[in-house]
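Letters A, B and C name the chains as they come in the text, with residue numbers starting at 1 for each one.
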Amino acid sequence: MNQLLKEIRHNPLLWLLAFVPVVLAAAKLKPEAHTLLFISSILAIVPLAALLSHATESVAAKTGDAVGGLLNATLGNLTELIIALAALQAGQYILVKASVAGAIVTNSLFMLGASFFLGGLKQHVQEYNSVSARLQAGLLFLATIALLIPSSIAKADPAAGAVITRKLSVGLALLLIVAYGLGMLYSLKTHRELFGSADHGEAGEAPWPMSLALATLAGVTILVALVSEVFVESVQKAAETFGMTPAFVGFIVVALVGGAAEMASAFSAARKNRLDLSVGIALGSATQIALFVAPVLVLLSYVIGPTPMDLQFWPGAVVMIFIATMTAVLVTNSGRSTWFVGVLVMMVYLIFAMTLYVLPPRAQ
Amino acid sequence: MNQLLKEIRHNPLLWLLAFVPVVLAAAKLKPEAHTLLFISSILAIVPLAALLSHATESVAAKTGDAVGGLLNATLGNLTELIIALAALQAGQYILVKASVAGAIVTNSLFMLGASFFLGGLKQHVQEYNSVSARLQAGLLFLATIALLIPSSIAKADPAAGAVITRKLSVGLALLLIVAYGLGMLYSLKTHRELFGSADHGEAGEAPWPMSLALATLAGVTILVALVSEVFVESVQKAAETFGMTPAFVGFIVVALVGGAAEMASAFSAARKNRLDLSVGIALGSATQIALFVAPVLVLLSYVIGPTPMDLQFWPGAVVMIFIATMTAVLVTNSGRSTWFVGVLVMMVYLIFAMTLYVLPPRAQ
Amino acid sequence: MNQLLKEIRHNPLLWLLAFVPVVLAAAKLKPEAHTLLFISSILAIVPLAALLSHATESVAAKTGDAVGGLLNATLGNLTELIIALAALQAGQYILVKASVAGAIVTNSLFMLGASFFLGGLKQHVQEYNSVSARLQAGLLFLATIALLIPSSIAKADPAAGAVITRKLSVGLALLLIVAYGLGMLYSLKTHRELFGSADHGEAGEAPWPMSLALATLAGVTILVALVSEVFVESVQKAAETFGMTPAFVGFIVVALVGGAAEMASAFSAARKNRLDLSVGIALGSATQIALFVAPVLVLLSYVIGPTPMDLQFWPGAVVMIFIATMTAVLVTNSGRSTWFVGVLVMMVYLIFAMTLYVLPPRAQ
């Protein structure tokens, strides 16, 4: 507990924790103050995400690579998962899908591109293990196809009703989860020697003792759940106030908020010339969302959602995920990066953000 | 003849030849027993395909690489060609196109992926000549564009009538055949030294004497033609009985049946760590179908079909061929493979198969 | 001046300058002789483009790499820019966009492919600096996305009116110009050592003295502008006479005419085994048009056009640019080329040309 307080004192990002009680109080007292709730819930989620990420890594550091990898997969994107679950329960499937697609695109373009850029400002040319990057890119490619094929084939026959789409979505969800599991088996067990340079330690922070990590995990998860509920309820109305389209909010704002903590780790690693770690966080996170979080949400929608959710995204989202994957595939091919590679990748993201920003409100 | 009988005794796959007379008799006696005819014609085609493939290789082994390559091109996919011709003559253009597209997709995904997977179970990492794989992938890419451009440009103007599409299809068919011919000139003549490790011999089977090979070729071709006719006539009705969509039958069932023999060779070579041969069979076969069989079918439709056939595929098929080609391009880039690469490639195929399986009957 | 006359005497291409007065006279005397004006204006533009290109290089050779690069960017595609400006002022936005898209496709496929082919006829295997080719391909990829995303997202919501499309187009135009500028900063300043082998000198022609170069630049620019006006006015009517579709004229004829001079340089360099120069001209020119000429035309349309022009191309053009970019990306990956690589790339171009040629007149 002392260690936790000491960490909070030394990490200014964690001072934002003060917003957690503010949000929860405001949600009770002023439920109609959407803009206030929106902004303060964003400010509260960021430090909670940082704590969650640190606690997860501390548990993973203790349990060894194999179990740790699984834990990381299950818990690494916990913020995104909880936000999505809150939206899922509210039946806001458009927001769920936008935040899933946005997280994939934001992680594989913005987080990757900014890591390359920030690393490239310090180092002339940076090298990283392209085998690992290619595995992640390959998994992303598979997930993209799982999103692309149903919607492009369904287009040929719009009569292919919702029942079929749902049946197919469940099958694809299971396939993606299996692929994700086999990918871990491959990189952590059968061919782990190819995935070297994984000089763990995650940005140099010392791991917490197990008891503190588990307690933090439990406590923070509950807080994130509570704050996320406020965020999801306020986001659409607040966005209108700011003149943002719902697509922009779901894709860009939610994804940047949900990924704040991972981005901090990825950027710091890039500046320390540990680009393997940055690429691992950025692409690993995108892969987790595409092959684990999204499929799990589809399956969970049968249990907790008002109606089953399918894997069919609106065509624009599929195109963006496809482009993001192609960019990641092409860029990670060489295993070398410079500042300009980072600029190119971020500009692809900027094109998406600009397009979503000017899109009229109904366009989802 | 003795040698043929000896081979039949030693190769259990060839015992299925017993189904050849069964099919032909049943087709005469019980023409309405679609399910029976469907199953027994599949069981009869598999051993015939194996014999055909062996006879072709024996002829090729005698005539040397240059002529042998041409023969292989002309005869290698003879089963697929005969099945397609039977469907062409019956005016079943949807089945023709589905089986062409299915053969391309099945060879470049399932056959390639399963070869990587089976080889990877025995060998930790396998290397193969990526120059050869890249040539095949490049040719496939060209064929994909030839299918993609007309249909995507025609979409912009549906008024572009059938006449124009047909004129264009003939031009594209000729272009693809020329590209295929130049590709053979390149790999067999001008730059053959780049395509090394072609330690021919095809899975270790001893070649037959010329007379036996030619006699088998003639006899089996006639049998395949007769059985294929039964197969094409029964497939649609039988598929309904099994609850399979026509798209699934054309893409998956026909392609797996038609490629059975080549798959046996490719998988056996992969397990013997002769991955160059596996990749050559898988991608070479896909290339042959895309750049030789399909164009020849278009041209032949002017002679033997009830109306001319064009090269325009339904959008879902074009997307699948495009994805299959992209997968082959990305996967063969490095010239190395492991079991997990095989899993990824097969999963792309599984996504296609699942989607086609749940598609409603009308969706072609 | 003497030097200019000497050059004209020695370069048979420049004898075509005799057509310049012919065109200008004919345009006054016989404004309705569209076919005559069309052919003679093409014949007049080719030598003017050659002079312009030589003058630009002479200026660039004097000012050093950094300024020279900027000059090359601004002036290298001057012919295309002037033709496009003439069409822009006439409000012929379809022709403007077709010529922009056509120039990108023609440079990155025909000019690149023919360079590979011609070089490959002399040399068995040619190597070139793939870092430079990959930078150009990366920039092209970015530009393709800037064209692709708006039109694919707009399709999801056709109500997204012209106002939004225009707002987005201005933003994307600025983004592309910035990306182009940063790309020059990267290749000419911060990482110039990666872009070696740039043994400038452009096909061995001696640079002109500064005064002659600047005078030629000014004089020829005016002549090109005058002749281009005639060309733009006559092209559509003349095309009908020849039975060519407007799409074919805009994509193929205008692009080949506009790029004639650069092609001469690129092909001659390829035959001299200076493939770095050929690839640089072909892809550099495509990149300039996509990231500099096209965005500048969008911005200029607010000043000189009858109405603002957007960046939205017809779907067929976007698909062609996308395919051309993918081809360039895949082909330049290895940094090696042979004659067959050139054939493959040219055949992709031929597929485009054939499709556009048979397209009915209305299909834009």
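Rule of thumb we're sticking to: a contact is a pair of C-beta atoms (placed from the backbone, for glycine too) under 8 Å apart; a residue touches a chain by one contact, two chains touch by 3 or more.
Worth saying up front: this structure is predicted, and the values here are computed from it rather than measured.
A.B. asks: Indicate whether more than half of the residue numbers at the subunit A-subunit C interface occur in both copies; give same if so and different if not.
C.D. replies: On the two sides of the subunit C and subunit A interface, the residue numbers are mostly different, under half being shared.
A.B. asks: Rounded to a multiple of 5, how large is the rotation, in degrees, that superposes the C-alpha trace of subunit B on subunit C?
C.D. replies: My answer is 120 degrees for the C-alpha fit.
A.B. asks: Indicate the whole-number Å distance between the mean C-alpha point of subunit A and the mean C-alpha point of subunit C.
C.D. replies: 41
A.B. asks: Two or more other chains in contact with one residue: find those residues in subunit A.
C.D. replies: 333
A.B. asks: Okay, in this complex, where on subunit B does subunit C touch?
C.D. replies: For subunit B paired with subunit C, touching residues are 134-135, 138-139, 141-142, 145-146, 148-150, 152-153, 155-157, 159-161, 164, 167-168, 171-172, 175, 179, 182-183, 186, 190-191, 329, 333.
A.B. asks: In the complex, go through subunit B and note every residue touching subunit A.
C.D. replies: Residues in contact with subunit A: 124-125, 314-316, 319-320, 323, 327, 330, 333-334, 338-341, 343-344, 347-348, 350-352, 354-356, 358-360, 362-364.
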